[in-house]
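What follows is a pair of complexes built around subunit A, which joins subunit B in one and subunit C in the other.
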Partner chain A sequence: MEKIRVFINGKENFLDSNINILSLLQQLNLKPERVAVEVNKNVIPKEDFEEYILRDGDKIEIVRFVGGG
Partner chain B sequence: MSLSNKQILKRLKSSSVGIAGLGGIGSGVALSLARAGVGHLVLVDFDIVDESNILRQQYFRSQIGSPKVFALKENILKIREDITITCHDIRLSPQNIPQIFKDVDIAIEALDCPEEKAMFVEKFRLYFPQKPVIAVSGIAGIDSGEFIVTRRVSDNFFIIGDEVSEQSSDNLLWPTRIGIAFSKQAHLALRLLLGLDPI
Partner chain C sequence: MKDEPLIIAGRSFNSRLLVGTGKFSSGSLMAKAIEASGCDIVTVALRRVDLEDPQDDLLSHIDTNKYLLLPNTSGAKDAEEAVRLARLARAAGCEAWVKLEVTPDPFYLLPDPIETLKAAEILIKEGFTVLPYINADPVLAKRLQEIGTATVMPLGAPIGTNRGVRTRDQIAIIIEQAIVPVVVDAGLGAPSHAAEAMEMGADAVLVNTAIAVSPNPVLMARAFKKAVEAGRAAYIAGLGPERELAEASSPLTGFLGE
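This part shows the complex of A and B:
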């Protein structure tokens, strides 16, 4: 399968092309309702995770929220 | 750039910071910012002071049962009276965030539950892309305080913590470790208000 090269929290990663954010989060074992995701400095709302297709060169930032405050 | 103490105090006096959640983190940030001279604080929490809060949050035993927003306002006013405090005794929702935070310069995310933290940050970032938000994640447990670090996720989005250490029955919040987190949050807020390099 064709791969795309992206950066997740600054680290180089190779992902299947046409992968969406929801699938990426599942691969990383992260719950979509407990993260903040930005792609190329744009905030991606949770309701767009499934339809947002990642592209070669994307800079993805994922913040994992855990309980405690 | 170097600022005189007078310039710093003048700028802080005309600044406004909104604090979402008044537990160990939010109550600590509020007192630090009040002591530093921030002129306006917007406090938001729906909870009341519980006995279990007293050992790590900025409340007193006599305040058990009181809404946190009013108890914290009372404690801040005992330290200084030349401060404006706006209280919202309410649970934050996607609908009320724009109204509550419209006049603040910076938001502090200090909520407890991970879903609410994520919701708040997402909505605040979408409504107010030009305003900084400083969030916390991963502050529980007795691990080294050196793992409580600041990450600049985006120009106006900062996260403090190790992003892993979750609060649970065997991973408690310790006043010392959360103190590191809320002091970093408060100090970063001051630097941003003063237009200084954040990190």
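This part shows the complex of A and C:
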């Protein structure tokens, strides 16, 4: 299968081409309702996770809540 | 004591103590301390998921039906980063409330007033309820209120220093001029500090480090709860005036000698 090269939280990763955000989160064992995702500095709304197809070179940030004051 | 609730952006809260969730040694201890504090609002931060350890999830310890999650923009060094973090927090499923903090200086973590004002303007336009963390600067507090922030959150002392209300005189001016709730944030290291801020007429206080790093966070959370209630009651009751010379509390006449 063809692969794309992306950066997830700054780290290089190779993913199957045509993968969407929801599938990526499932692969990473992350619950979509508990995270927020940015692709190339644009926030992607949760309702778009399934239809948003990642592309070669994308810079993906996956964040969630941690303790803070 | 009958007191009015704390009202922020039209929403009412019973507790005047806000609690931060950082620095606790475990999620379950944090949950117990939050419970003991009686708070209604807890602050959280937003960070990259550690892909090596994705199971460590803060929200599994916090009942988001019971507590309002107030995400902060900690880590932001300018307005652009703060706006980005606020948008991410909203996308993560939070309500559009944000504790805006922009702290470019790594040593004292003092907030940048210019970037804070800039970010507040943008976020308010985007529909956020903005609670800005600021130095105790009455002019800045005024400017922020004029553009529509929901509170102002002046610092007592730098974040995590436990040094108390070192900015007392400036905070007094902010309180005197405020048209939105004043939440004294940062530096409150002991329940007496929280009580002092409340006695001065602050509407609420935010405490994190002092509770989280105590050897007994649950008991300390309870102590802060009582201190905030005591300080608030004293403010409502009204403190007696200070004077230079002694004034006897007991009658000086009618005994012995007379």
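The rule is simple: the second predicted complex is superposed on the first by the 65 of 69 C-alpha atoms of A that agree within 3 Å, B and C clash if a C-alpha of one lies under 4 Å from a C-alpha of the other, contacts with A are read in each partner's own complex, and residues count from 1 in each chain.
To be clear about the criterion, a residue touches a chain if its C-beta (ideal position, glycine included) is under 8 Å from a C-beta of that chain, and two chains touch if they have at least 3 such contacts.
None of these values were measured; they are calculated from a predicted model.
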- request: Name the contact category of A:Phe65: first (subunit B only), second (subunit C only), both, or neither.
  value: both
Query: After superposition on the shared chain, which partner residues are touched by A:Leu30: those of subunit B (first), subunit C (second), both, or neither?
result: second
Message: Looking at A:Ile53, would you say it contacts subunit B, subunit C, both, or neither? Reply first, second, both or neither.
response: neither
Partner with the higher number of touched subunit A residues, subunit C or subunit B: C
Task: Considering only the touch criterion stated at the top, classify A:Pro45 as touching first (subunit B), second (subunit C), both, or neither.
output: both
Task: Please indicate which partner A:Lys11 is in contact with in the superposed arrangement: first for subunit B, second for subunit C, both, or neither.
output: second
Field: Intersection of subunit A interface sets (partners subunit B, subunit C)
entry: 31, 33-36, 38, 41, 43, 45-46, 61, 63-69
Task: Could you pull out which subunit A residues touch subunit C in their complex?
output: 8-11, 28-31, 33-38, 41, 43-46, 61-69
Message: Quick check: in the complex, which residue numbers of subunit B touch subunit A?
response: 21, 23-26, 109-115, 117-119, 121-122, 125-126, 129, 135-140, 153-155, 157, 159, 163-168, 173, 178
- prompt: Which of the residues in subunit C come into contact with subunit A in the complex?
  reply: 20-24, 30, 43-49, 51, 54-55, 57-59, 69, 71-72, 74, 84, 87-89, 91-93, 159-160, 186, 206, 208-209, 212
- request: Enumerate the contact residues on subunit A facing subunit B in the complex.
  value: 31, 33-36, 38, 41, 43, 45-46, 61, 63-69
